[in-house]
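Here the structure is laid out as structure tokens; the discussion comes afterwards.
Just so it is clear, A, B, C and D label the chains in written order, and each chain counts residues from 1 on its own.
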Amino acid sequence: MSGNTLGNLFAVTNFGESHGPAIGCVIDGCPPGLALDAQDIQPDLDRRRPGTSQFVTQRNEADRVEILSGVYEGQTTGAPICLLIGNTDQRSHDYSDVAQTFRPGHADYTYWKKYGVRDPRGGGRASARLSAPTVAAGAVAKKWLLQQCGTTFRACLRQLGEIAIAFEDWAHVAGNPFFAPVADVSALQDYLGALRKRGDSCGARLHVQARGVPVGLGDPLYDRLDADIAKAMMGLNAVKGVEIGDGFASATHHGSTHGDALLPGGRFETNHDGGVLGGISTGQDLCVNVAVKPTSSILVPRQSVDVHDAPVQVLTRGRHDPCVGIRAAPILEALLALVVMEHALRQRALRGHL
Amino acid sequence: MSGNTLGNLFAVTNFGESHGPAIGCVIDGCPPGLALDAQDIQPDLDRRRPGTSQFVTQRNEADRVEILSGVYEGQTTGAPICLLIGNTDQRSHDYSDVAQTFRPGHADYTYWKKYGVRDPRGGGRASARLSAPTVAAGAVAKKWLLQQCGTTFRACLRQLGEIAIAFEDWAHVAGNPFFAPVADVSALQDYLGALRKRGDSCGARLHVQARGVPVGLGDPLYDRLDADIAKAMMGLNAVKGVEIGDGFASATHHGSTHGDALLPGGRFETNHDGGVLGGISTGQDLCVNVAVKPTSSILVPRQSVDVHDAPVQVLTRGRHDPCVGIRAAPILEALLALVVMEHALRQRALRGHL
Amino acid sequence: MSGNTLGNLFAVTNFGESHGPAIGCVIDGCPPGLALDAQDIQPDLDRRRPGTSQFVTQRNEADRVEILSGVYEGQTTGAPICLLIGNTDQRSHDYSDVAQTFRPGHADYTYWKKYGVRDPRGGGRASARLSAPTVAAGAVAKKWLLQQCGTTFRACLRQLGEIAIAFEDWAHVAGNPFFAPVADVSALQDYLGALRKRGDSCGARLHVQARGVPVGLGDPLYDRLDADIAKAMMGLNAVKGVEIGDGFASATHHGSTHGDALLPGGRFETNHDGGVLGGISTGQDLCVNVAVKPTSSILVPRQSVDVHDAPVQVLTRGRHDPCVGIRAAPILEALLALVVMEHALRQRALRGHL
Amino acid sequence: MSGNTLGNLFAVTNFGESHGPAIGCVIDGCPPGLALDAQDIQPDLDRRRPGTSQFVTQRNEADRVEILSGVYEGQTTGAPICLLIGNTDQRSHDYSDVAQTFRPGHADYTYWKKYGVRDPRGGGRASARLSAPTVAAGAVAKKWLLQQCGTTFRACLRQLGEIAIAFEDWAHVAGNPFFAPVADVSALQDYLGALRKRGDSCGARLHVQARGVPVGLGDPLYDRLDADIAKAMMGLNAVKGVEIGDGFASATHHGSTHGDALLPGGRFETNHDGGVLGGISTGQDLCVNVAVKPTSSILVPRQSVDVHDAPVQVLTRGRHDPCVGIRAAPILEALLALVVMEHALRQRALRGHL
């Protein structure tokens, strides 16, 4: 419980730093008998990895995952699965300058105050790179859930800075580097291109959902399914808001129209509640929205202090995403899958079946 | 970890049902030597308790808390503190009808599907009444945090259905039954009165904050302070959205203005990030917004099904809050206090001091 | 995880002090649908309760258990089960003397040093009385395991001070106040009578076993079934040693005779390993031995110090068991049942069935 | 909590199989600012590693540990520390035969029944080799405890099969391959030599202790220090018994002599209770005895069954320790250190200091 483990029954322990020799995770509690090799995991890592378009950081990481344990003759054994991802493009340069100052909006200051020591290389432990092992673990959860329950996960971009993105079709998401559900992304390209030229960054809003979720997942009072989803999502770098179903719009709703009418056959007329009632899954689509703040590492000079509490101007050179939300879609899917997986195993413990 | 415990080092285990003999909680991990008696807890329970105005449920519960253990000669001993609150106004009537149908928007259906059995009396375990033990535990955390760190907590209503509530002054909050930070609440009274007459309900949005939070609380990667706040808040009945700092507005921001500039002396120019950077407290005010959906138990008839999957019309008689958000302020304070308390103890474990 | 919870999926949180208003526990994670009322629990409490013979403390406690939550219409709902046991015979006398000195062999000194404050009334939290809620929770686990798996639990006394007790028949155990598996207990009566007259106490050794345990329970590497049994047993007051199967005798064995030969049909020729291999149940009887040290509260004066570190002579008046091992049999059964229950639920999570 | 993590605040998650590419662990919760490099860990690994004498398995593993994360510029950062140990001498041969049968006394049968799938290469996950990462993690705990509290750990062999080993001097332990506290080990050499010639194995008994333990560690009711020690020790391969202090001998003792008299200055006249009272450390030496059963992998043919439940004779070729107890001393030290470390951090959380 020292902070780097997500889940209890499907427990993912994350380790590594942005510019250390490797990053990775250990999955403890994966049910035995699941067919698994690196090719089940690699596609999601590839969707998240940097350097794939001009709109994301140019750091060039292959992000090849290696399964170190827990799999024998192509199937999981029930033993812990250690997934290792080498860091190959950690440019060795002088971090002594970076180490002395705190970037506004970044974790520099709080890591320094919390731990009394800080690994400044590429953001160290606070780097968004550490979401890669989460994505890898999520791929394992996704495969099991698909096989056992038919559950699927998908995410898309719905807002990029000032630009709201209409929802046209899920089919478009894989066709552009923005994970946008629209056919024409030229407006997004222009917007982000201009932003980069100014050395600035922007925030984003994403939608993530799960289909085919078993009914009955979630453990009120406190470990409600929506509560654990909120924790997983808010725990991702730069996330500042989480909604389930209608989210903040619910504040303005009336009970006479908000509550989703039940129909025979386990169906509902609407899904204002986003697939959760009383903290337990209804079997409808789990619908989650997430707000991401702008990247803190920008070329625009900002006011700050150094480790001696003296005022300084900070300007972050190096390779950074102008909007971290762009690559967040596969991460959000993974986080949602990890939460659903955890609660699926819990429900098996409680009832003996899903 | 079976769902009814919040926190690990300051672990609050909640028990009871709305219409059982009693509700309560056990706090395990409260530091010894804290002066504590029931009068430290009762005021927050009184702020939350029903029956105090015409705008909340008329159920008449004194909500007197009794300390069963963990306190000797007026101070905590380090042993578990069991807090018991009797249920005195659980009207015994016939629940056979309620037990056969599922209210839209309520947890009836999901409890039934999850557990295969359901206590229908007054919502059973899913009742908002179960937030009382959380409030009681939160009062203990608040007292310790105030004494050790000078931390304080407060919350207010910012939206009631369609009505946005301006922020005038914290001083107004205690002066009206809505926890609204405004001098004149006549518009809220009129709105809610009309709503009740129609047998309808509405949602709400609240703001909760902590001042004087020690810098350095939170355990990334996963147990970030904001992540645990999101979990605690989203775990409360009817909550559908959580924001830290600027929340969803951050999606539209630019890095050149969003990141809070650092000033000497541990100060910041702004607080867009709501007191958390990289999942760790900055020492600024912790600022959280919460969206609450409309009460599901309404007098307006709704379409649903019964336990035999046959279509029925459901209409909920009985005593219900037209807006559960009204009484949520002390609960949100308690939840925030419990999360800060947990992380304060964690930080002491890690560093040996706060 | 603050120390007063045993188990994760079937999590028992214990609270109360020997001379407070009540003791009890909260069981979180009990599967729904189990028929349960107080009469399922009371018999085991009665077997453990004091005052039933001249060989145990004369404190007169009815130990009536009350179910406060988690049961509706005679069956468990999946919600936390709070079990409350009132303290009725907590004689109010002056503890100021006791509070100033530390009894040798007792927890007085360590509680004082650990917490900086101590509830001295009847041993406070360190009293053996706190095993009553454990026994109550164990009764719930026993009932579920009997119904679901046909598992049964039993324990008996095998050594009382210098007297080794032969094993004659399980049938004798219920027929004498010593839980001894022998027909004639006159030697034990004489021994203990003489000991009491001298104001002294003695240790004991007990055997506890489970039959009909499902094969496959236990989670190596660390949460092995035998490891969790050892923790539960060593966690009971006064226990100083735990053995599984042949225990310490194994140290002198040879591999050519120790390893239990396997026979068709899931049977084994012998059971030197006590029903556990590699930390996982074999399906054979789980066999555990436990050593209990002599009661520390005795009438014989002993050398000690007071809270000011000054030498004092200590002599404990009041009502105490001359051998706490005598009443330990139902407690050991309960502890073993709680561990088996926890791992049965874990195995259901991992495999979907037992 | 899926079984492969020991500790909560200093949480060690173990991964790997005997013949996979690597074994290792992740330590989450190590306080920042501890000077650490591989040379702090390697000596304990070298003490445990195989192939160092004719009395242990001839498998030749360098057991070089690599620190993958959590250390920057020679000191811990508070981030998870991943320790990796390559498997270099995993002879690739045909395991199809081994995979079909169950060795008596070994975990083959129970892994098969529990997981439905088994990695048979060199014992897979059940191999004693998996204690290496535990030893590595223990070395980190030892270093921190030595620096912060002056705590030290040591262990020795006290029984080898039928041979009881007198205690002469701790100084001898490092001077012979048996970790025996005696000057002359010729009797042990002769005994073990003869045993190996017969293809047989034997059990052992060891003593492990900690000096300079802070007073006040341990969390009753359930997470007592002795309880957690018992769990850690019984969780090691082949361990069948654990004693604290006088252990099983306590069963025959009287209260008038057993209870350790207190002397001024935090001293005690004796240490029958082995440094723990009421589950909390007294500040005296923590004294633990452990019984190890004979190695199950022997050249003597044994009766068993195969995966089709047909009777077979099993005889284990390959490289095995005739007594796993010989190399257990550094492992027991590590386990004891991990438990003390965990409780030291817990006590800091509770009280703010040690």
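Here is the rule we go by: contacts are C-beta pairs under 8 Å (C-beta built on N, C-alpha and C of every residue); 3 or more make two chains touch, one makes a residue touch a chain.
These figures come from a predicted structure and were not determined experimentally.
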item: Selected pair, greater C-beta contact count between B-D and C-D; value: C-D
item: Farthest-lying chain, centroid of Cα atoms versus that of chain C; value: A
item: Chain centre separation (chain B, chain C; CA means) in Å; value: 38
item: Averaged-CA centre spacing for the pair chain D and chain C, given as whole angstrom; value: 26
item: Length of the line joining the C-alpha centres of chain B and chain D, rounded to whole Å; value: 45
item: Contacts with 2+ other chains: residues of chain C; value: 1-5, 8-9, 14, 29, 32, 78, 114-116, 125, 346, 351
item: Chain A partner contacts - residues on chain B that touch it in the complex; value: 1-6, 8, 14, 102-107, 109-111, 113-116, 125-126, 130, 159, 161-162, 195, 198, 200-205, 215-224, 226-235, 237, 239-256, 258-265, 269, 272-274, 276-283, 291-298, 300, 302-305, 309-311, 325, 346-347, 351
item: Complex interface listing, chain D residues touching chain A; value: 1-5, 8-11, 13-17, 20-24, 26, 28-29, 32-33, 66, 68-70, 72, 75-82, 114-119, 121, 124-125
item: Chain D to chain B touching residues, read off their complex; value: 1, 8-9, 29, 31-32, 78, 345-346, 348-354
